[in-house]
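Paired with subunit B in one complex and with subunit C in the other, subunit A is shared by the two complexes that follow.
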Partner chain A sequence: MVERIQLAHGSGGKLTADLIREVFYPSLGGVEKFANDSAVINLPACRIALTIDSFVINPIFFPGGNIGKLAFCGTVNDLAAAGAIPIALSASFILEEGLDISKLRLIVKSMGEISQKTGITVVAGDTKVVDKGSVDKLFITTAGIGIIPGGINYHPQNIQPGDHIIVSGTIGDHGYCLTALRAGIEIKSSIKSDCQPLHELVALLKPLGCAVHAARDATRGGVGMVLNEWSRQSGRGIVVYEKDLPIKDQVKGGCAMLGLEPIYLANEGKMVFAVDQRRSADALSLIKTHKMGRNAAVIGEVVDTKAQVVMETEWGTKRLLTAPHGEILPRVC
Partner chain B sequence: MVERIQLAHGSGGKLTADLIREVFYPSLGGVEKFANDSAVINLPACRIALTIDSFVINPIFFPGGNIGKLAFCGTVNDLAAAGAIPIALSASFILEEGLDISKLRLIVKSMGEISQKTGITVVAGDTKVVDKGSVDKLFITTAGIGIIPGGINYHPQNIQPGDHIIVSGTIGDHGYCLTALRAGIEIKSSIKSDCQPLHELVALLKPLGCAVHAARDATRGGVGMVLNEWSRQSGRGIVVYEKDLPIKDQVKGGCAMLGLEPIYLANEGKMVFAVDQRRSADALSLIKTHKMGRNAAVIGEVVDTKAQVVMETEWGTKRLLTAPHGEILPRVC
Partner chain C sequence: MSNREEKISTQRNEREYFNLFLDKLYQIANKPVKLMEVCGTHTMAIGKAGIRKVLPPELELISGPGCPVCVTADADIDAFIELAKDRQVVLATYGDMMHVPGSNGSLAELKAQGADVRVVYSVLDALDFARAETNREVIFLGVGFETTAPSTAYAVKIARRGGLKNFSIYNLHKTIPEALRALLDDTATKIDGFILPGHVSIIIGEKPYNFIAAEYGTAGAIAGFEPPQVMAGILKLVQDINKDKPTISNLYQKIVCPEGNIHAQRLLDEVFIRTDAEWRGLGIIPGSGFRLKDEYKCFDAAVKFKIERKAVNSSKSCRCGEILKGLIKPNECPLFKKSCTPERPVGPCMVSSEGTCAAYYLYSSF
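Coming up: the complex of A and B.
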């Protein structure tokens, strides 16, 4: 018999306690260890990064991951983008009445696995259940804190003309995977979501200190959106070389067919960096030593023009790469 | 014309930026100040508390508050229950396509007002939009961090036989208010939600140090649930004196009519403490000096029996106060 989530699982009563003990604790031991409304953590004097993100992806399972792994990695990557070493996560689950508990178990289990693999613990949690139809299956919100090492200060306002723009690997995989899945095309597509935690890759750049000016994981809106935000926040122009964009052939072909641009597609395991050009080659070498950074590339540079992002196409023409106005693909993260 | 949330407001593109700038920044300036995926905060060497909670209350506006004020206070109170001084919050919004933006504006505004009043800033945020029907109007998840002063260690495992149980004010107001609202009874009821931030009230107990053994805000499942969890976590028995429970007459009468027990009804601005009996009178005096603690009372004590919660009724009989098995009232927080 399928075990299903009941409203009573969200009561705060015995059934809530059972659900937490049977589904959450086995995978997320940190929550059990603290077992209070707040977790308590000892910290040295430091700068910390604090982040939060909700995950509403549809479908909740996809090639390369699920909503739980995505929530974990997404928050780790936000911390990594601040140059922070992730210390602890907290996770809050909103569950629909009737949800198949075996699915929830799988999702929580994959969070537990990645927690074990990364050594980053989920130390606080919350569970709410809402009546059928009030939420689509389940949403997860994760918050995280991390410690920023001395000498690190990643912020778009540090971006300077001459900086090189580096991306840590192929772009558009996550967005393309979701599009293909929804369109029902290429069932045999080998493109999986790139959902992965980038904190170790980013930590490799610590020796470069402040020569790394900014970092951002290119999720919703893709690399195109990150560059538009950086341009606006720094007041600088950015030029992107289309020929240098690392894109898998299958993604390129599929996007051409669907009329999508990979540079605007969501990634869930790719970091964009703005690096002082004098240290750009070093940064690229360091990133490439990591298995998640093997396809890293310099894709553009910051220029002393007004704040705009321009793409030099493969045919030598130039075009404005504007911020996408609205929705490209809803609920990809 | 009613402005409504569109899917495109969640794209990460221009419309998302507009929504954030026009609706969130005016009230939640801290988010603007950081304007990155993670906020960066300087901390001394310390113990910090980290917490997270999702809010799915229905309806989103109710007498005494709304989902935004509730989310803010709920997270502040979780930090306060750890004895922590709240440092910063982060907030993530999941919005339904079609949501009236003026309602969102009111909700964010009330978060801004309480942020100003308390001096606690929302420093990081996220917004997701899902298609109509995939979420009921809006859900908010808030996470918070706070610094725990030296000498403070509130944890159920510290609870000892002889400890007095103190509640900071009248119980059941929030749960009763929601029940009455939904049942459509007592439209003229003067009972409002007690939604309020308790961090200053809790901070008054700092001079008592470790004589305060545990604190918990009595939300879902009410005071009855807190005491059951404490009993289980500490392995001790707890006796509650029904005659000493501070309950408003209207709540008492209404509950009798509806067959509800105030001790299991949710509160959103009441803290339960377990205090060394030698300092219990001091604790009560300190709590009563705060305007949110005027109706505080000692309601029971910890006893050296097996782990169970027993209520001595007003008629002198005794009965087990078990953890509620399932749902008393869905979506009260």
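Coming up: the complex of A and C.
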């Protein structure tokens, strides 16, 4: 029989304790006798990055990952975008009554695996159970802290005319994979979500110090959204070269069919950087040394115009690249 | 040669074609010519490739009524929104229709209030809902031109064969050639040539367009959607117009065969009969709609749920009608980019990704 989450699993009583002991501790490495209301971490005197993110995706399993891996990587990448070395995460699970516990196990297990691989520990957690229909299977919220090394200050306000825009790999993989899955298009292709932790890749740029002006994890709204935010925040123009965008052919073709633009699709393992042009070649070669950065490319530059993002198309024409609007919906025909 | 290199070299070739066609256009463009791209996908492709900005100044490219969402009449929008309010109903729709504003809100707003509105990618998904949830009434919003109408016809046929009692369609399907005739009959619109829709032509073939040249002396070119293909269409039209020999040419022969898709045409004839239809901004166009034949009538949501279309006294000051006829450009509408934006659309032309106003908004000049 399928083991399912019941409301009593969230009651705070024995079932809750059993669930934590049997599902969460084995994967995330908790030890019951050390459990307390807060995790306590000793940190040196330094600058701390703190972030939080909620994950409410459908489907919860997808090629290349699941909601658990996504929740882990998403928060790690938010810390990485501040140039921080991730130290620890906390995770809160809101579970729907009736959830198949074996699925929860798989999700927590994949969080555990990536935690072991990265050495970043989930030091605090919480579970709640709500009535069937109140959430869609499960929601996960992860928060994280990290230490920002000296000499690092990634912020859009540092962006200057002449900066090169670098993206760490092919764009739109995650968004395409999920949209195609929701659309019921059988993906016989090799496109998987790019869900992966980028802190090591970002750390490679540490020697360049403040020549790296800004970094951002190009999740919802994709690279198009990041560039529009940067343009607005820095008050500068940005030019993007369409021909230089690293996009997998399958993603490009599939997007053409669904009426989507890869530059607006979510990524879960791609970082966008603005780098002083004098160090951009160095930055690119450093990124390319990492296996997650092999397809990295310079895709544009910051220009001294009004705050707008302009795409130089592969046809040699120009057009505005506006911020994406609302939810991504497929077109009629 | 690695894949990456191969990919780049193909792109270069295509760009060379694009530039070649553009250069030729500059050589031959010697008088004002007004062309209409009929199809919303062309509008989007033209915007995305920035084509309008690079054409010779003599050439004017206007957008036509070929976005299915944009030409949906207010009365229909209100009718299907009314249908979705019924808690027994699952309304299945293509994504573009979610944000179309009716007199009292959109499907998206209704969904937020608890209505069961589901975005589907195929009418077959709606059939699946009906099979799985026999205690619910599943209504599919049949929207689109000859491109999507055959799949709706197919679903109705399957539903009848399977004896599905809880499935119906709200039929908004329309036909392109009749709309072109209406545009040509309108003396205010002076169009020298049409870039004809590639996808619609896959179904209907070449013949239904012949009247454009034969009766109205206007040129037409069926074109694909890649920028060089669009450019080739424009070039062919200008060549024809210059020679004063309007013809209907098929520049998308790899995909569009002269007789079209006979199987899809038969399916349409089997399930539907032609009827007059109301187009937003263009009014009633004779023979431009589809009605389910009597034997399929039980799948007509309007009949099943006794929906009466109520004439809408549109107080909206949006100028969709003139935009759809190509009489004005979106930026000449007083609401454009002011009270009408993709986030808060006043008219459907701003909603759909293929809508003329949305395309102008997204890809406008800078």
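In the analysis below, the second predicted complex is superposed on the first by the 321 of 333 C-alpha atoms of A that agree within 3 Å, B and C clash if a C-alpha of one lies under 4 Å from a C-alpha of the other, contacts with A are read in each partner's own complex, and residues count from 1 in each chain.
The working rule: contacts are C-beta pairs under 8 Å (C-beta built on N, C-alpha and C of every residue); 3 or more make two chains touch, one makes a residue touch a chain.
Remember, predicted model here, so these are calculated numbers, not experimental data.
Peer 1: For A:G13, select first, second, both or neither according to whether it touches subunit B, subunit C, the two together, or no partner.
Peer 2: In the superposition, A:G13 touches subunit B alone.
Peer 1: Regarding the shared-chain residue A:D244, is it in contact with subunit B (first), subunit C (second), both, or neither?
Peer 2: In the superposition, A:D244 contacts neither subunit B nor subunit C.
Peer 1: With both complexes overlaid on chain A, does A:V310 touch subunit B (first), subunit C (second), both or neither?
Peer 2: The second partner, subunit C, only.
Peer 1: For A:D131, is the partner it touches subunit B (first), subunit C (second), both, or none of the two (neither)?
Peer 2: Only subunit B is touched by A:D131; subunit C is not.
Peer 1: Contact-wise, after the overlay, does A:I41 reach subunit B, subunit C, both or neither (first, second, both, neither)?
Peer 2: Touch status of A:I41: first partner only.
Peer 1: Please determine whether it is subunit B or subunit C that touches the greater number of subunit A residues.
Peer 2: B
Peer 1: Touching A:H325 in the superposition: subunit B (first), subunit C (second), both, neither?
Peer 2: Touch partners of A:H325: subunit B and subunit C.
Peer 1: Give one of first, second, both or neither to describe whether A:V123 is in contact with subunit B, with subunit C, with both, or with none.
Peer 2: A:V123: touches subunit B, not subunit C.
Peer 1: Give me the intersection of subunit A's contacts with subunit B and its contacts with subunit C, in residue numbers.
Peer 2: The overlap between the subunit B and subunit C interfaces on subunit A comprises residues 325-326, 330-331, 333.
Peer 1: Which positions of subunit A touch subunit C when the two form their complex?
Peer 2: Touch list, subunit A to subunit C: 183-185, 243, 249, 259, 261, 308, 310, 313-320, 322, 325-326, 329-333.
Peer 1: Show me the residue ranges of subunit C that touch subunit A in the complex, using the header's touch definition.
Peer 2: Subunit C reaches subunit A through residues 3, 7-8, 11, 15, 18-19, 41, 44, 47-51, 53-54, 68-69, 94-99, 119, 121-122, 125, 143-145, 147-148, 199, 227, 342-343, 352-354, 361-366.
Peer 1: If we count contacts the way the header does, which residues on subunit B are in touch with subunit A in the complex?
Peer 2: Touch residues, subunit B against subunit A: 6-8, 10-17, 35-56, 58, 78-79, 81-82, 84, 88, 90-94, 123-126, 128-131, 133-136, 139, 141-143, 145-146, 148, 155-156, 216-217, 219-221, 225, 233, 266, 323-328, 330-331, 333.
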